[in-house]
Every structure is written in C-alpha cells, then in structure tokens.
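Going in written order, the chains are labelled A, B, C and D, and every chain counts its residues from 1.
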Amino acid sequence: MIRAILLISCPDQKGITAAVTDFVFRHGGNILHAAQHTDAQAGVFFMRIEWDMSGFTVPREGIEGAFQPLALRFRMNWRLHFSDEKTRVAVFVSRHMHCLLDLMSRYQAGQLPNCEISLIVSNHAEVEPFARQWGIEFLHTPVTPEIKVQAEGRQLAGLSAKGVGLVVLARYHQILSGEFIMHFNDRIINIHHSFLPAFVGGNPYAQAYEKGVKIIGATSHYVIADLDQGPIIEQDTVRIDHRHSVQDLIDEGQDLERRVLYRAVRWHLEHKILCYGNKTVILE
Amino acid sequence: MIRAILLISCPDQKGITAAVTDFVFRHGGNILHAAQHTDAQAGVFFMRIEWDMSGFTVPREGIEGAFQPLALRFRMNWRLHFSDEKTRVAVFVSRHMHCLLDLMSRYQAGQLPNCEISLIVSNHAEVEPFARQWGIEFLHTPVTPEIKVQAEGRQLAGLSAKGVGLVVLARYHQILSGEFIMHFNDRIINIHHSFLPAFVGGNPYAQAYEKGVKIIGATSHYVIADLDQGPIIEQDTVRIDHRHSVQDLIDEGQDLERRVLYRAVRWHLEHKILCYGNKTVILE
Amino acid sequence: MIRAILLISCPDQKGITAAVTDFVFRHGGNILHAAQHTDAQAGVFFMRIEWDMSGFTVPREGIEGAFQPLALRFRMNWRLHFSDEKTRVAVFVSRHMHCLLDLMSRYQAGQLPNCEISLIVSNHAEVEPFARQWGIEFLHTPVTPEIKVQAEGRQLAGLSAKGVGLVVLARYHQILSGEFIMHFNDRIINIHHSFLPAFVGGNPYAQAYEKGVKIIGATSHYVIADLDQGPIIEQDTVRIDHRHSVQDLIDEGQDLERRVLYRAVRWHLEHKILCYGNKTVILE
Amino acid sequence: MIRAILLISCPDQKGITAAVTDFVFRHGGNILHAAQHTDAQAGVFFMRIEWDMSGFTVPREGIEGAFQPLALRFRMNWRLHFSDEKTRVAVFVSRHMHCLLDLMSRYQAGQLPNCEISLIVSNHAEVEPFARQWGIEFLHTPVTPEIKVQAEGRQLAGLSAKGVGLVVLARYHQILSGEFIMHFNDRIINIHHSFLPAFVGGNPYAQAYEKGVKIIGATSHYVIADLDQGPIIEQDTVRIDHRHSVQDLIDEGQDLERRVLYRAVRWHLEHKILCYGNKTVILE
C-alpha cells in the first residue's frame, strides 16, 4: 500500500481540520492517521494526515495542484510525501563510532526502512574499513582550521553527488559552518551527549560528574548556527549514582545516545517532525 | 470558558472526522482539542473533540438533538460532557490508607478540579477520623460473608443518596458482587498492586519477591465481574533489585499505586477514556 | 530491634573496611547492612554500617569512646545514630502546598517513621488551617525585604524551641540568608522544580516550555548560600511533548516534585546521605 | 592493572565480611570494589570483592590455596576470576537478527571488552553472510523434531571445540533439551520478549496487544529446563498506548530486547551475577 503524508502548519483559525479531512474524503482517500496540534500561545496550527492512495481519485502528481487553493485560503506551509520514497542519508562521524555502529545495526535489521544510507563521512581514516564492510561509500575529510573550508566543500560535493536529503551527525566532533548548515536547513540531526540545556559544549559527562547529578541524558536536535541550540527532537535520561566514574557515565550514556539519535532519525524519515520557532512538534 | 467534550466510537468508515469537525465548525465552535484513533484490526473508530462553547450557535441543551442525525448516520456510540459539570466521587478503602491519603492531598491541592469527593466508604472504622478531618461523609460497612449482601445494599443506597458517578477502590480489599458492578459499569476504578497480568490475586508483592523480578508495577483498571481482569487504564513500573525485602517492595509500590490510581481517576474525570472490548483508548 | 547506624568518611587507605567490620564483629554486633564507596579521583572513602544492638557488648553510650581510637587512626569524620531516635522536622512552605500536602499524607500513612513533623512555617496565613487540621504548630512569618532579618530571627527561635533537626523547604519561595543556612548546615533540604543545572532560578517550567525540552525534571538538594547550587540528593524526570502547555508542565511537575522531595527527606531521616565537596553519596 | 574478583555465597553468620576483607588486606591487596548482600529470609550471605593484584603478596596461582581455609570455615561457595581472562561466547540466533546485530555493534564499539565472540550458531542459513562479514565462525544447524538430537550434538561439539564459556540465545526460537542445558548450567542467557512472568511462551507481543497493557517489557534470564522460568537477570519496560499495533509493539520491543540482553551479557562477563534459589543477586 502506498500512503500519502501531508504536513501542514498555518495560522490557527476555525475550520482547518474540517477542510483538510474533507479534501481527503471527497477524493476517496481513506485516512490512516490524522494528528493535529494547536499552539494556543503562538496561534499556530499543525497537522499531519496520512491516507491510503489506492482508491484516491487524484493521481499522485496532481495532488499538489488540487490542494493549492485550500493551502492558499489558510496560508499554509505544507509538504507532501509518499511512503515509497526513500531519503538518502549521510552519516558523519569522528572517532567514537558507537552511534554509527548502532544505526547500521538497525539499518541491517530493517528498522530504518524509509532510507538508504548512501555515504559515511569522517575526519578519521580508521572508519573506512567499517564503511567498506557494509559496502557504503566513504569520504575521508581531515579537518584542521586551515583546510576547514575546503573540507566542507568536498563534503558538500559528496552530499550533492549522492543526492543526500538528511545529514546525521553521529558524534561528529567538528563544528559545521553557518554556510554548510544553510544548505541543509532542518535536515541535519545531531546527537549531544547531555540533557540540554544542561552541559552545553565539550565533555558533558565530565561536567555531569563534577556537578554530581543523579540522572544523565542525551539530546538529539536539528543543527542551527548556534552550537547545541537547535530545535530539540528527542531526549532521554538514565539514573546514575555516586558509584559511577566519568568512564561509567560515558558507557551508560552511549546507550542513551544510540537510541535518542535513532528515534530522531526514524521520526524524520517518517515525516513526523514539524519545526517552528526553535521547537519541534512530533505528530504520529 | 465552558468547554463541550464529545466522545464517539463507531464502525470505521470514510468521512467521520470530516463530518464531526464540520459539525462543530458550522455552528461556530472553536476546536480546542481533537484526537482520534482507529483500531484497524477491530474496524472501530474513536474520537474525542473539545470545543469552546462561547460563540457556539447551538445552546447547550440543544446539542444532542442537533448532533443526532450525524450520530445515526455513522451508528455512533456517543456521550456529551461540559467542563463545568462536577462528577461526585466515592472512595472505598480498607486498612491501607495511602491511596486515599494521596487522593485527598491532591484534591486539597486542586489537582482534581472536576470532581467532588462526596463519600468515603470502609469496612474499617479507623478510617472515620480521617474522613471527619476532611469534612467528608463516612459510611462504615463491615463486611463478612453473611452480611455482604446487606453491606452492598447499604453502600448502593449511600452512593445513590449522594448522586455518585464514580467509585474509586483505593485499596479496598473486598470483592464486589457482579450485581454491584452492574450498577456502575465502567464507573468503578480499582488499583491493583502489580503489573497485570502478572501476579493476579492476593499478596502480589510477595509473589514478585518470590519470582525475583527486577521491576515491579501497579495497574489501575475498570472493575468487571472477573477479578483483576477489567480494562486497564494505566500502569507504571519501578526498578527494584535483590536488596529489596517484601516490605521494601510494599514501600516502593505505594508510590506507584498512588500515582497510577490518581492518573486513572483524573483521566476519567476529564472524559478522556473510551472502553471497548476489554481495553481502553485514552484520548487527550 | 534497635539498630546502630555508623556513617564514616576518611582519606582512602588499605584496611578500613576490615578494621570497621572487625570492630562490630568483635563486640558481638550482627551487621545488617554495610555499604561503602571510594571516590578514587578524590581519594576519599565512605562507609555506612548498620548493626543489631541486641547482643552488642558495648552499651549505647559507650560506643563513641570505644570507636574513638579507630577513628583517630584513620582520621575519620563520623556520626553515630540509633534507629529509635526521631528527628524533629520543620516544613517551610509558600502558597503552593502540594509538596506539604504530600509529605503530610505520607507521614499519616506511616511512610516517614523516623521523624516527628513539629512545625510548619509559612509567609502565607492561608496555610494555617491545614496545620491546624493536622494538629501541628504553625508559625506565620510574613517576609518583605525590610523585615526579613526579623522574620528569620523568629523562624530560628521557633526551630530552636522545637528542637528541630531538619528543615524542609517544600516550595518555600523565599531566599534564606547565609546566616540562617549556617545554623542548619547540611540540614536544609530544598525542592527545585527543574532538572538542575538546567533552569536555575524563577519559573523553571516556563523556561522549559520556551526551550522546547522533551523531558522535565525536579531536583532535591541541600541548601547552601549559592542559590540552587547545593549538593544534589535526588532527581527524577518525566517525558513531555509539544501538547503540554506551561500549565500542563506545572501539573506534571508537581508529581515529580512530590516524590523527589519525599525521597530526599526519607533518606536523610534514615541517615543514608553523606556530603562531600558539593556532592552526595547515598549509601543503603 | 590486573584485578582479582572473588564471588562468595555462604550461610549467613557473624564475621564473614571482616574475615574476607582482612584476608585481602593482610596480603597487601587494595580493595577496589566490595559489595555484599544478606538474604535475611533465606539466611544466605553474598559477597563480591575486587582488588588490585599489583602489590598483592600471594601470586595468582596461589590464591585459591591461601583462601581455602577461610572458605572451609564459613562453608563458602566461591569463584575466583581475573580481569585479564576473556570468556569465549557463542551467540545462537534464528531469523530475527536485531539482538545479534546489536551485540556485534557493541562488541565492535568496545563495549564488551571481557569476551571474545567465537561462534555464531543458527538454524537459518541466511545468518551466515553476517557472520562472515564480521569474520566469526558460523555453524548452521537446521532443527526439526527428527534431527534435534543430532543438531544439539553438533552444537555441543562446536562449543567444546571453541572453548565456549557462555551461550547467548539472542532470539533463538528453539527449545534446548534438558541435557544441553545441563552442560551449560548458569551459563546460558536468553532474552524473552515480555515482562516475565507475564506472557510466557509464544507471541508475547500479540498477547500484550490482546490484553491491552499500557507498558511492555523484556526479560533476560538464565536458561533452566522449565521454559521461560529461569533466574531473571534484568528487565526493562517501555510505555505504549492504544495507538500501537502488534507490529509497533514488536518495533518498540526490539529496543528493549537489545539493551536488556546486552546488560545481562555484560554483567555476566564482569562476574557480577550470583544465582541462588531461582533468583539472581547482581553485585557491582
């Protein structure tokens, strides 16, 4: 079954849900999922609606045109996806490979069906044998301050050549330039190894140890020019205690990082995330 | 602001959401929350829709009539509530008073705004001073096999006199008769001190200790004639380990019982729960 | 059964555990619990040991003297408690009474057996009827910048008169002076309604809402002169999402605050907490 | 640094801790970790003690002899391990490979430093390319009722040839014979995809869906002859709701299974698990 997925945000007003569900209904679509949210404070309405394309009387390529009047009437921001499209993904990684290894183990287990992992990028050559083991193209881009511009140029060329639609920073310990980020607005997902906004920046586990917290966390977020400040997609926490050394926190935290990054990537690929302001709305 | 809350379940078919949201929209209602769910396997559709009554062109008492044609068309089961109605609640308790004490502390803190706790019922007289402390009527109904029928008769009379709409069994260690239950179908909430379906029946913490589980739980559910088998409303769990004695499990579990029962009561009072088959759908 | 509880911290070195357990063993004590911890980085050793006093050959009042040589040899910081001593507790509260109501509901349910709640202090007169309902003395101390010194003087006098050993700030929205804190060093427990160190200061739920976090938390800690910076005792978190308004966060958070504060108070009363640096070690 | 790890269980009596810590201390050992537990009900004492071997005056091969008198005196069950010994592990798997893929991703990330994964066994030939990708020997043993005895014979021969000390059933959907299990008593770890004792046997996710539970779980346990009844090592749970289909439960559950199995394997390899009765004690 091919499914259409429509994501909408617009100024809140009466009648939007009625109009959208009626649009699908009138053209013979069977609604499989419909979720909506209103941010009453900001006055913004969000909707995700998913329907079965079999029996839908508008052909795939005609839906945009058919929906346009309604979108104009409500001044909608909107995107249309189909369940048989696969997003091409590039994974950036430094020396800590646990998140990459985890994503690959899930990809191989069939838990990321909506994507094709097309490229692995690293400033460390030792990642290459792993990429080769999986049969995925590897791009080695050493980064030093002097050659950072060139390195990003090579990376962007690689992403473009592969038609990449989503960049995953799986513990990539380099700061991307604002220009790079602009090319992939709302399409770069990073994992930060703390419960943001606590412990921004380097060595968050050492910071957590110093502070004596009783719980540690991990945060996946879209990347914006401000370091560790982009819209949060997912967070999770785990209980620790005084017996944990910094190394223990690193070990425990790896488990969090793995699943917090995985969930963000999966939801993105399933078109469940809407960004606004500096926040996300996750509609299922 | 007075809000109307409409709960619907019906056979799944195209166009229900469109029809219902259009009904609210056409009469000038601003939708505050709308949640729906389809059980694809059972072919049943569920909806909860909440709207602002100010500006709604149909008066309160006319809504049922106005909605009737639509309900008939889709063969709906439906209920209509208003946010200014308060449900009268009776709490049944035996000797373990922690759940009662917790509910009362939340009631006094304003965390149960949609109800009036009107009656406390117990087979133990030592509960009375607590009821008096809060200024709530107390009904003492000792229960032995010989006088159980009379005891339930007195309880039903008390519930009827107070106009009780919800019975909460806050660790009430008596089994209610099928006849009693019939009077309050889907309106008796029980807390069971285990993660059902594990450890049905008596002494679940001792059972959990014997089994050596690493996590214990609590379950709130509607009461049906089958002991501990009614539709589950809410569950929660907490990690334990070998250091916990049975008494430690009882202590830890009290915390779970308190909040799992509270959430079920709160959701019921907010008209968020729909029952079907032997399950619940919680729509927010 | 009366139990002795010995809490120790000292520079780490070989033989401490052997010496302490031998001390208890030689005098006929049966060890019920023994927990230890070494902070390898700081080079500090911690121990909590609990034994049955029946059959112990040193009388209660003689233990300090008998233990002294060993304590000197290892340069120990140490405290000795007995299970039949009850700590007198004062609860400070402002207008938000949910934590107070929760503590009292647990106190009445027998979940705080090692204490006597002797005094309730508030800058708000509306707390008084609750105190009276429970039969607990109430001290009304309005606080404005001009009379803060006098107010604290009256509070300290009240605490002294009651022989209070632990001050619990159950959402008391006044900043205590350094002088006040000095009188109750490591004996004032505060509940902060965020996952510290995130969202220090006022309105943490509003801060969390603005930031778009997916999890909120609560933190109980000992109070030091630096606001919200004292040693963390306990934290807990709960998952939220975009559907939660600031008010929803406040509601959800109350549940966290209740149990995070309760656990800290309980552990303190059970003599399970050791402070060092700006951290805590919880030994069970 | 090489560490010695001593695991002890014996009838509870006074003086054990003192004697054991004194043994280590007298021979110049620096204790790194010491954890103990007494099951008061069963009258059994458990201890795990870990010390630095540098400076220990008894050579490695002499420790058993030196400790023997003490062990006899207290009638101890005991085992001695050293941190530089690597356990050889065999992983059994059927068609669902997510747990195997996860274990391998952690093994490659360095999260299982105390083992060598030496053999992968499956009744499904399609697992072979994965084993080959990792350079691990693969044993294909199709199982039908008629050839089950021979299949187990081939498996035992393979385990013996590789010197395997731990068998991990990573979703291996065959029931092992009592004879096979006897060869690896307390050395076979299974993952069951439910919160035991709920939903024993086949299709636990479908059972959970039918029951309408609000939380699902996973359980890792040692294998005994009784199906799904062995000593529980670790459990974890995740919240679900009415929106989850059986397939969603399977997807969510995979994440639980992965980490619940990983933790059990890791703790076993770190010699942190003691079995008694039908329970486990995990000492850190």
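Keep in mind that, in the parts below, contacts are C-beta pairs under 8 Å (C-beta built on N, C-alpha and C of every residue); 3 or more make two chains touch, one makes a residue touch a chain.
Note that this is a predicted model, so its numbers are computed, not measured.
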Going by the touch criterion at the top, tell me which pair is linked by more C-beta contacts: A-B or A-C. A-C
Please state the rotation angle, between 0 and 180 degrees and to the nearest 5, that superposes the Cα atoms of chain C on chain D. 180
When the centre of a chain is set as the mean of its C-alpha atoms, what distance in Å lies between chain A and chain B? 38
Separation of chain A from chain C, taking each centre as the mean of its C-alpha atoms, in whole Å: 41
Using the touch rule from the top of the page, what residues of chain D touch 2 or more other chains? 243
For the chain A and chain B complex, residues of the former touching the latter: 14-15, 17-18, 21-22, 24-25, 28-32, 34, 36, 38, 40, 239
Can you tell me which positions in chain D touch chain A when the two form their complex? 97-98, 101-102, 104-106, 108-109, 111, 130, 133, 243, 251, 254-255, 259, 284
Chain B touches which residues of chain D in the complex? 37, 39-41, 195-199, 211-215, 217, 231-237, 241-243, 245, 277-282
